[in-house]
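Naming follows writing order (A, B and C), and every chain is counted from residue 1.
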Amino acid sequence: MVLASAAPGIFSAGLDILEMYQSTPERCVAFWRALQDAWLNLYGSRLITMAAIEGHSPAGGCLLAMSCDYRVMAEGKFQIGLNETKLGIVAPFWFTDVMLNTIGHRETEKALQLGALYSAQQALSIGLVDKVVPLAEVMPTVEGELKNWLQIPAAARVITKTSMRKAVLDRLRSQKEKDAQFFADFINRDSVQKSLGMYIASLQKKKN
Amino acid sequence: MVLASAAPGIFSAGLDILEMYQSTPERCVAFWRALQDAWLNLYGSRLITMAAIEGHSPAGGCLLAMSCDYRVMAEGKFQIGLNETKLGIVAPFWFTDVMLNTIGHRETEKALQLGALYSAQQALSIGLVDKVVPLAEVMPTVEGELKNWLQIPAAARVITKTSMRKAVLDRLRSQKEKDAQFFADFINRDSVQKSLGMYIASLQKKKN
Amino acid sequence: MVLASAAPGIFSAGLDILEMYQSTPERCVAFWRALQDAWLNLYGSRLITMAAIEGHSPAGGCLLAMSCDYRVMAEGKFQIGLNETKLGIVAPFWFTDVMLNTIGHRETEKALQLGALYSAQQALSIGLVDKVVPLAEVMPTVEGELKNWLQIPAAARVITKTSMRKAVLDRLRSQKEKDAQFFADFINRDSVQKSLGMYIASLQKKKN
C-alpha cells in the first residue's frame, strides 16, 4: 500500500485545525476516535505500507509517514515533523511513541520540545525518512522498493512486523476513551482555542 | 574471550538448518534448549567477549556476534544479518531483543522485516559492527582492543555489563520452556518444512 | 537556565571524590541525598536548561550536561563521559538511564564498560553533545540557541518535556533511600576505598 497525496506540494497537512476550532466536546471526541482507528489500522496493517512524501508533511502528516514501513521524501523546500508544540498544543502520547520507534529518544525529545520541522536532508540525517530523491523520482523509487519488499515471504514478515509494533499499538488500545476525552478537554481550553484562533488567522492572512 | 571461526569464509553459518528439517518435536526442543543455554552463557558472560568476524555471519552467526562486547568485521564480500524472514521463518524474540540493544528500533524493524544481510561497510554504518578492517587485520585488531578492555577494573566492568543486559536475559530465562515449545511447533508446520526443504535444495544445487 | 563553570578548563569535575574517601556511612547517605535532589530538580526542571561545556566534564559533570535540554561543547582537548568504571566504581542506575536517553543502548553499554572519556568531536558523533564550537563561541552559541527555544509556547513545551522524562525521574523517586544506602555501603567497601585512595594519590602526584 502506497500512501501518497493528490494535492501538489502537500503530502498531508495533518489534522484539520478547523475541526478543532470552536467545536463541541462531542464532536471533538468523535473526530478523535476516527483518527485513533485510522492510525491503529495503518500502524498495525499486515500490508507493506510506504509513504511517498511529495510535499509538506507536518503533524498528523508526519505521523502517517512514520507509521509506514518505508519513507521516500522529495528533496527541496518541503518540511516534515511533529510541530504541535509550536501551535501551543501537545503531540498525543502515541504520536510520541511512533517517533521514539523511528528516531530514538534524544532526537524525539528535541524534536517535540521545539515542534521542529525538518528539510528532507535533515530528516534523512536523523532517520526520520529512509531516502531522499528528486520530486519526479519519489513514486518510481517507492515502487521499486515495494518490489523488493514483496519478495519476502509474507507470513514471516507479518509476524515480525506485528510483534515489533504490538507494545505501542496496545498502549493506545488500552486507553482509547481516556485519550479521546483528554483531547476534547485540552482542545477546548480557552488558552488553546486562543492559540488555534491566532494560528488560523495567520494562515488566512498568508492566503490573501 | 574471542569468538572466531576455523572455517575460511564463514564466521558462523548460524543454526544447522538440517537439524530443523524432518526432525521430531522432542529433538527440536532439545536442540533449542541447548541453543538457549549457550546464548544465556554468552550474553550474560562475566568475561570480555569479542567477535572476530572473518566470514559470512547470517542468522545465529549474527546473534553470536551481537552478543559479544565488541565486533570487528573483515571488509570484502562477507555479509552479516538476521535473515530468518527470507527463509520464511521468524527470528525468536530474544534475537530481536539483542538486535534492538545493538542498532535501535527503526533499523531492527527494517532489518527483520526484510531479513536483511549487510556488507561490512553497511553493518558499520548502522552500528551492527564496531570496526571494519582488511581480513588479515581482524585478529590483530581484536587482540589490540582486548588489551584496552583488560585495563578496566574487572569488578566494576562486570557489574556494569550485567546490569545493562539483565532485562533481556531475564526475559528469556522466564519463558525458556514456552519458547522451546513454540520453536518446535513452528518449525514442524507443513508450510515451514516446505520452505526449509526448498532452501536446502537450493543450497545443494549451488554446491553441485 | 544556562549551566556553566567559573573555573577555566573545567565544566564540572563531577562529584567530590574526597567526600567519598574515609567518610562515615551517615555522611555518605546525606551527601548522596543532596545529589539525588539536585539532579531530580535539574532533569525535571520546567525551565529550558542548557550546558555550556567549556572544560572537562567527567562523571557527575557529564551527568549534569546530559540532564540539560541542549549541550554546546568547546572544541579542543576537553573530555566528557561517565568514567566511573575506570576508578573501580559503578555509575548509579539513574546516570545510566540518562545516558540511555541521550545516546542509546549500544553506545551506553560500550561507554560504561570502558568508563570512556570522549573528545568534543567524538561526543558530537555519538550524540553526547549537540554542537561543538571554539571555546570563545560556546557562550554566544548557547545564548543564540536559548533565544530559539524561548520562542516556543512554554506550557506545551513543559508538558512535552515532563512527559518524556517522567519514567526516568519516577524510577529514582521510587527508590531514593535504597539507592542512597547502596551508595554508602558500596563506597565504604575496603576494595573501593583502596581504589579511591590510589586515585587521589595519583591526582596529588600530578599536581606536584
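Throughout what follows, contacts are C-beta pairs under 8 Å (C-beta built on N, C-alpha and C of every residue); 3 or more make two chains touch, one makes a residue touch a chain.
Predicted, not measured: the structure shown is a model, and the values here were computed from it.
Taken together, the touching pairs cover every possible pairing of the chains. Judged by shared residue numbers over all numbers used at their interface, chain A and chain B contact each other through mostly different positions, with under half in common. Averaging Cα coordinates per chain places chain A and chain B 34 Å apart.
Chain geometry summary: the mean Cα position of chain B and that of chain C are 34 Å apart. Residue positions of chain B with contacts to 2 or more other chains are 104.
Contact residues of chain A toward chain B in the complex are 69-70, 100-104, 127, 130, 148-149, 152-153, 155-157, 159-161, 163-165.
The touching residues of chain C, counted against chain B in their complex, run 84-91, 93, 96, 104-106, 108-110, 112-115, 191, 195.
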